[in-house]
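Chain naming follows the written order as A, B, C, D, E and F, and within any one chain the residues start at number 1.
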């Protein structure tokens, strides 16, 4: 299995509900450094998993909708704790939508000499500090 | 699959038996930076894999039993080479015991809307330098 | 010149005033990974620049007053942009106050065989992402 | 499952063919920091996945055939785009050949008390910058 | 003294002349991760050393003239070994030219309440691998 | 001022004397990742601060005398606490001796078009974990 990973980051404010969160129930914030890994069983005819430029551009668009925002005020997250693992899943879903819409250009292509065309799976990891991170991965 | 990872470290002395270890047969030591990854198929009702504070506290307790010690003098490791991969397994086992004893609080809960309650698996990685690391992973 | 560095982090929300900040004028947040470097021309009789445990504890106390907070609501920062460089200076000042109050225990001691007792200078660096950081340094 | 990882690097020139590569169609170059992960279900009698010294030496030999070279002039890569993911696969194949030839010394041994002898799988990851990497993994 | 640092990277091919370089006399290449540190004794009225967005944009322009190129064919470097330390100096000079031309917008401003207006010095560091880097620093 | 840095590591056991060290009074150990920075005001005729290969080889020799050892048994450190800052100084002194003996080959050369020949200063930093390091720097 081949993997390609691109990295970017975003900076948000939020607060959590639930005693388990302790002081994180207060309004605070985080820098999330995001790694998106894309997997494919065979390389395409150009010798790549996916065009890294396109993957980076799609990730930037997904993050631009979150960057420099207070997530408590985003209607899409109403009633949800925007934990690191929740955000990993949410970014996964938004990237997956762009991939399925053809933004990375790979879905229409069949891999050279391989039975399975396109991307097999994706993993989105968010590093919130030098001592903690979370991730979500699933088939595409 | 969701993953959450917490990081801590410990510093120990030890020596190895076996010609394959060359100069590492002498008494020496290492800083091990430990990453514990916990996996779960669905988030709990708070939107987390596990309470990061509790996971970090459990890891600290496991490492406190090793930190600033000469592993050659620990009865638990008698007759064993405390290699990086061996220590990864040993920390896995000690963390697993704490998880099964309910220290992370997640075993009694069933995941919201998910068939499988609790944590699915764990991976313990020990970085011994900027050029080498070892890990052990298994279902919980 | 000897240097010792300890690392910790804190997570806050804030917003900036001024067109130069673009989207960062909105409420957002950051994880700041903080490196505090302490410098001294000669080691003390124990062979250290400063007790790392005490330095880490003092840093934790300074960061605890900021951690998991909305800096826009802190009276101490009223009318100020809490930029990364501003925060580096503020943490420098608060650490310096603790050092001068004897919390690191080194001010009363004269360095063994050295003309100058105590710490010479300090540098506080805040990493806000994998691509940007800021710092403040000055004599103590 | 146990994993051991060793790290090394190599520095090469190359160019790509295909419009998708944009400016990377020009002669340029890269530093590739290489992580080779070796996996095994049980530790050997010495308590290791594999002798780290031997694994590092084998990796160095594989990289020495590539280091400080223009990959466009290597007959082995004629007609191929030497992308990061292609190189990960190529290094996997060359490492696998050395492993199967007994250079890591583990194939003749059966794991103590385990059904499966030898290494189960390998993953080769190449970091090309602080924001992008690629990998290839497969059973051995 | 305050410092702000921005990071970017570029990927080039080149070769060196001189027996001291051994195999690096062959055509090869490198990824250079570039850190540009800007220093100033007092913050400006917005509370910053310099607008990070502008600094990043200026750095990108400087690196775009080098990225994805064979430095042996660049007239500006004819007869020179484009070593890491040489490139650090060259990027310093090109950044300095942009700063003096007002691209970072700070030269016309005097620092609030400070005797010295504008930036005091700059440091450019190029990381060529996980085990080696070079830098050049000088007053501005 | 130009800087070149090379990195290597060593792994040792030791114990400290003095109540200030708490549990570190017990026999324990550390991995030290060592960065040696060499500074020079002008590049030599080859366009380098110093031959990186020679600098790395000299550092390896210095570390080989420490690697995989119990520092409590080294006559050279009798009666001393081998703290991170102490070791930084000791490695500085041993590197300086090799530099002055001509092992890096640069002392006999005068810099091209520069008043000062040879290396100006050196900094030795030892990272003992992901949250602490120490360094020593001085003119050469």
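Everything below uses one rule, namely that a contact is a pair of C-beta atoms (placed from the backbone, for glycine too) under 8 Å apart; a residue touches a chain by one contact, two chains touch by 3 or more.
For clarity, every value in this text was computed on a predicted model and none was experimentally measured.
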| item | value |
| --- | --- |
| Cα superposition of chain A on its sequence copy chain C - rotation in ° rounded to nearest 5 | 180 |
| Reference interface A-C: repeating pair among E-F, B-D or B-F with over half of contacts shared | B-F |
| Same-site or different-site touching of chain E by its copy chain F, using the half cut | different |
| Reference chain F; chain at largest CA-centroid distance | A |
| Interface with more contacting C-beta pairs, comparing B-D to B-F | B-F |
| Rounded Å distance, chain D centre to chain E centre (Cα mean) | 32 |
| Centroid distance [mean C-alpha coordinates] between chain D and chain A, Å | 27 |
| Per-residue multi-chain contacts in chain F, two or more chains | 7, 130-131 |
| Touching residues on chain C, where the partner in the complex is chain E | 16, 18, 20-22, 80-86, 88-89, 125, 130-138 |
| Chain A to chain C touching residues, read off their complex | 7, 9, 11-14, 23-24, 26-33, 67-70, 73, 128-131 |
| Contacting residues of chain E [partner chain C, same complex] | 1-8, 43, 46-49, 51-53, 56 |
